[in-house]
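Each in structure tokens, the structures are laid out below.
Both complexes below contain chain A, partnered by chain B and then by chain C.
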Partner chain A sequence: MDKVFIDGLSFAAPLFIMAMGAIYSEKSGITNLAVEGFQGFGAFVGALTAILLMPVLGDGSQAVIYIAMLAAFVGGGIYACLHALLCIKFRANQVISGVVINILAVALTTFLTSTINKSLNGDASNKFVLGVFNRYTIPGLSQIPVIGALFRNMYPFEFIMIVVAIVAWYLMYRTRFGMRMRACGENPQAVDAAGGNVDRTRFISVMISGALSGVGGICFAYSISANFSPSIYMGYGYLAIAAMIFGNWNILPTGAVCLFFGLAKAGGYQLCLSMGLPSNYSDLFMMLPYVLTLILLVFFSKRNHPPKAAGEPYDKGKR
Partner chain B sequence: MSKQNKPQTRQKKAWFSALLDSEKWNGLTIPMLTILLTLVAASIILLVMGKNPLVAFLSFLQGSGFFPKASYGGGQGILTDLFNFMNILAPMILAALAFVVGFKAGLFNIGIAGQMLASGFLATVIIGYSGLSAVLAKPLVLVIGIVAGGLLGALVGWLKYKFNIHEVVSTIMLNYIISYLCGFFINTYFADSLTRSSKICSDSARLTWTNVNIGGVKCNLPLGIVLAVAAAFLVKFIFDRTVFGFELKAVGTNVRCARYTGINVGRRLVFSMAFSGMLAGLAGVTYYCGYYNTIVPKSLASMGYDAISVALLGNSAPIGAIFAGILITIFQYGSNYMSSTVGVPKEIASLITGILLLFSACGGYFRYMAHRRLEREKDEEIEASRAAKSAGEPAESPNAENREKEGKL
Partner chain C sequence: MEDYIVEMRHITKRFPGIIANDDVTIQVKRGEVYALLGENGAGKSTLMSMLFGMYEPDMGEILINGEPVKFRSSNDATAHSIGMVHQHFKLVDNYTVAENIVLGVEPMKRTLGIFPSVDLKTANREIAELSKTYGLEVNPTDVIENIPVSVRQRVEILKMLYRKAEILIFDEPTAVLTPQEIEFLLKIIDGLRKSGKTIILITHKIEEIKKIADRCAILYRGRLVKVLDVQSTSSQDMANMMVGREVDFNPTKTPANYRGDVLEVSHLTVQNANKFDVVKDVSFKIRSGEVFAVAGVSGNGQGELADAVSGLMKVYSGSIKLCGQDVTNDSIRQRLESGISYIPEDRQGVGVFLDFTLGDNLAIRKYYKQPFSQGGILHFSEFENYADKLIDRYDIRCGQGRKTSLRSMSGGNQQKAIVAREIEEHAKLIIFVQPTRGLDIGAIENIHKQILAERDRGAAILLISLELDEIMELADTIGVIYNGQMMKIADASTLTSLDVGRYMMGVKEA
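What follows is the complex of A and B.
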């Protein structure tokens, strides 16, 4: 049971931060299917930084991880510029642009990883081997009966995520920029009339989106797989999008949905183990979060309120 | 008379823009420009890596059987490569058509990969292992492909129509569900103990005639390619000549307007997704029971996504999909040979596809820019002529019309 909470939370936290990235972009009126690509590219930049730094700072150094996270933040943000450029400047169809960005990210990172590996150590493997985060336990809180497990064996990034989540929430709902951003997704003409710059606000939002997704990506790389390889493109980005839609484009409900996904995934896996089924059956349980999503969407989709202007390039002349 | 000279030089400069903007030609010129830009970008990457791009591009073509290779293995020849190329081209075209059909009705079928896997899996399990004779098995494989894909597509359309679930989300969820489900069944019941993928589909059910001897060369004759080309023309016919196709296009262009004219939008959504799914199902059987004869568990074909690039590059036109499919397949299929001759990792093929996609997503912008430039020149011309005559002659009417057009863009 403890394992469910521990694994569930460590899966939910990066998912949440990616979903938050998606929210930032969509709230500003840019449909974002590119989360998958953002997180992959961010993870790639982070992993590359870590690989380059590890000989300098020593293999076991945890400082590398934090620098890598920062690099992933920056890398994801820069890669997101591509999506922003396509959607805002080039007026491409935003869904198509998202798909393009994803395909390009997979191709680019795979290609670069094997090329860089070849030049660094001769063999063209498509992996950057990384370490794993140290885990921590919070002394007092972990003694609470059932929920205590949430605070045991935590990855440090889970704390960072909580801080980031609070900052992101504050930025979106309590600042002038946040309000403008949300207005850009509902009625960009009004923002323009009020003296705001729609294109710039959207551009920044998409960059934030990429940066947050990138951090989510590197956290997956450091916790679940302990390396960077094309297997980072497991579709968690899409799951984050589903969480966002399910959470009705609001940060707090989306967080709850992510936690639910994490617990469902970890719970399914543990259930499979505890029932003593052969490993084949884990596939059936891995399917669980997706089936649940689909079923729950059936009940909740009707009342959804997506940002009104999402998916349309801003056209000043349009009424 | 010096003034007459000036517009002429301008016109010479503007031919490029005019070509990109013209209604008649932009379906051809914009993809051409995209391809050109991609080749330039790919050449730059290859040059940076210290390789000769021309040799690399030639290797792509040689690998796909368009040019003879330097040497061939026993019993193989240029025809072997060409037929193999067409064998993998067939599902690519069909999958691209699947995307086109959805796209015309305003739906993004991201779930092509899942629909392909489901139909390929079912066809393999039901027919591929049954030992039926070829006359019976091959058509049945096609039927199963169509039915399985169509039902999945219809489900997506129905979820959208009934419950307002965005098709992108539901198809992505279904992709994972199908992938895990098929993975589970293959691992548990149908796994080949040696290769860990599914047991092979019998030759009589396969949509490929294997090891046919043509002129002393062993070839795998693809049946799917005939199907793919026929399907492309069928889709074209449906969209150009039938009420059904027209209504789909109407729904895709403007849902509200379509509803107002009395088109049953919900039903059209379901139909178009079902149609799209059928084509994806056909792509699935030509892929898993044609080019391949086995399924690797828990992996979705990247073709499901590559097909989107093919469809976009082909201007989301059915015939365009054939040509775009040929181009992208040359890169993807030829990359194996290219990587062995030039020594570049074959992942560059997907990188080139990605760049191609990137530029084709900007296609609309290229046209917009060309249009704007033409307009500016027209304005200047009018201004020049006005300055020459200096008597205010109202000649702006064509100009005003163009302004309106720009607004719509």
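What follows is the complex of A and C.
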């Protein structure tokens, strides 16, 4: 049971940060299917930074991990400019742009990884081997029965995510930027008439979206897979989008959905083990979050209120 | 030298296919109500959009307080104390009144002394004060989507005042309001003038100008016809100048000549999405050659009544018969084919495909029939011939003929296109819902004539209107609806508009 909480949380946290990225983009009025590509590209930039720094700072250095996270933040943000540019400046169809961004990220990072590996150590592998975060247990809180497991064997990024979530919430609901950003997603004409800059606000939001997704990506790379490879494109980006939709584009409910997904995934895996099924069945249980997604979609789709202007390029002249 | 707060000199603005403004010069004095009068598409809104910085003029100059200015965006205009209430409100539906007003000029505070955040408490307080000062009652914490249109308009006005605007532009402010709300708004405008603000009012309603404006500039097809003093000019003269010809306010109506029953509605009840009865046990008949007008205050079930007859809403109980045939459960197409034409209230949403061409829109009721379509293949030459015929016959003005997209046409011409399309069906029953809403005098006159011509041809007309004048002018029989119930059905000659007004308020016997 403990294992379910521990694994569930470590899966939910990066998913949440990616979903928050998706929320930022969509709340500003830009449909974002590109989370998958953002997180992969961000993870790539982070991983590349890490393997370049490891010989300098030493293999086991935890400092490398934090620098890699920062690099993923920046990398994801810069890669997101592409989506922003296509959708805002060139008024491309936002769904198509998102899909293209995803495919491009897979192709580009795979190619770059093997090319860089070849020039670094002569072996054209498509993996950057990274290692994992150290884990910590919080004294005190971890002694609480049942939910105490949530505070045992934690990855440090789980704390970082909580801080990021609070900052993201504050930025979205309490600041001038956030207020204009949400208005851009509902009625950009109103922002324009009130003297705000719709295009700039949206551009920044999409960049924040990419940056947060990138951080999510590198956390996956450092926890679940312990390396960066094309297998980072597992569809977690899409799962984050699903979480955002169930969370009705609000940060807190989305966090709850992410936690639910994480527990479902970890629970499914443990269930498979406890039933003594052969390991190939674990893949079947890995489907659990996605099956839940399908079921939840049936119930939640009706009552949802997506940002009204999401998906529509802003055209000043249109009445 | 007069003290002009706004001068627009020799302004010319071209759009593809049309000249929206052609060498227009206006001069507005400080503290007056200056009206811009003109038909739809005369270039009033374009002119004001330039003053508000949304477009730049191709030629000419703008002076504010005698200083030449160049506005690149509405921010520049705001900085020069110009505010505008747009015809389509620019409000964020899920924000509160206060959030909408402060958007763009948010008051800030520091949470915990460090983190900058929007100070909604101060905003709420300031807006409550402002709303009291100018008599514009709003609750700062109400969410926009829950408040009626007239209150949303107050929010727009407060938005300008919050930004300390001195020059206030109103673009067709009364188009969305009921008569009582219009009275209230005109009082507000008068109050604003007394407090020293300068007001520019765009409108095509002459009564309003008569009531409130000091001076009035008349635009006709992009050109300035005349600037005149409102007090010393008659309404008839203004109307003539605005339309460019003599206007006939009272079309001659021939005596009614009823023939057999066309529509028979009995015990009709309609429920809305929340299972609430919005039309309750309504029964009436319309004969061939009769205009049956439904009068009522907006939202009393008249829209749903029309939707139920046309098939857009399901009938809960009761029956609808067309020439003796029960159509209660027929599909929309079956009803159209058995002889119903429908001119809906929401003309852009239900009446047309905004992004289709005019030609396609005109043929949309016939496209699947011979000769427009044969074996599933469309014959575009037929579409074109038909469109050209209708454009010519109904005088639909459009920049690029049948290839014009509906979106780029003025509201009056969109409505002309719908009316042309529906009348060409030569239907037994024609439903008009608010057929002249938002249209100018010329277009209203035109539509009224067509309604009467169809009646004389022998069609049964179901007219639903919020304009009492329109009903009194056109109806042969009047039915007054209140709270979903028909309060009174009587021959129009036996009712005065005062009587009808009383029934509209729910009085049982006048």
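General remarks:
By our rule, the second predicted complex is superposed on the first by the 319 of 319 C-alpha atoms of A that agree within 3 Å, B and C clash if a C-alpha of one lies under 4 Å from a C-alpha of the other, contacts with A are read in each partner's own complex, and residues count from 1 in each chain.
Following the convention adopted for this analysis, a contact is a pair of C-beta atoms (placed from the backbone, for glycine too) under 8 Å apart; a residue touches a chain by one contact, two chains touch by 3 or more.
None of these values were measured; they are calculated from a predicted model.
Judged by the touch definition given at the top, the superposed model places A:Leu297 against chain B, while chain C stays out of reach.
After overlaying the two complexes on the shared chain, residue contacts for A:Val106 are found with chain B alone; chain C is out of touch.
By the touch criterion defined above, A:Ala226 reaches neither chain B nor chain C.
More residues of chain A lie in contact with B than with the other chain of the pair chain B and chain C. Using the contact criterion defined above for the overlaid structures, shared-chain residue A:Gln189 touches chain C, although it does not reach chain B. Contacts of A:Leu284 after superposition: chain B is touched, whereas chain C is not reached. Every residue of chain C that touches chain A in the complex is listed here, in rising order: 54, 73-75, 78, 84, 86, 88, 90-95, 99-100, 103-106, 108, 111, 115-118, 159.
Residues 33, 82, 86, 89-93, 95-97, 99-100, 102-104, 106-108, 110-111, 114-115, 118, 124, 126, 235, 238, 241-242, 245, 280-281, 283-284, 286-287, 290-291, 293-294, 297-298, 301-302, 304, 317 of chain A are the ones that touch chain B when the two sit in their complex. Looking at the complex, you find that chain B touches chain A at residues 49, 108, 110, 159, 163-166, 168-170, 172-177, 180-181, 183-184, 187-188, 298, 305-306, 308-309, 312, 345, 347-348, 350-351, 353-355, 357-358, 361-362, 364-365, 368, 407. Residues 170, 174-176, 179-180, 182-183, 186-187, 189-196, 305, 308, 316, 319 of chain A are the ones touching chain C in the complex.
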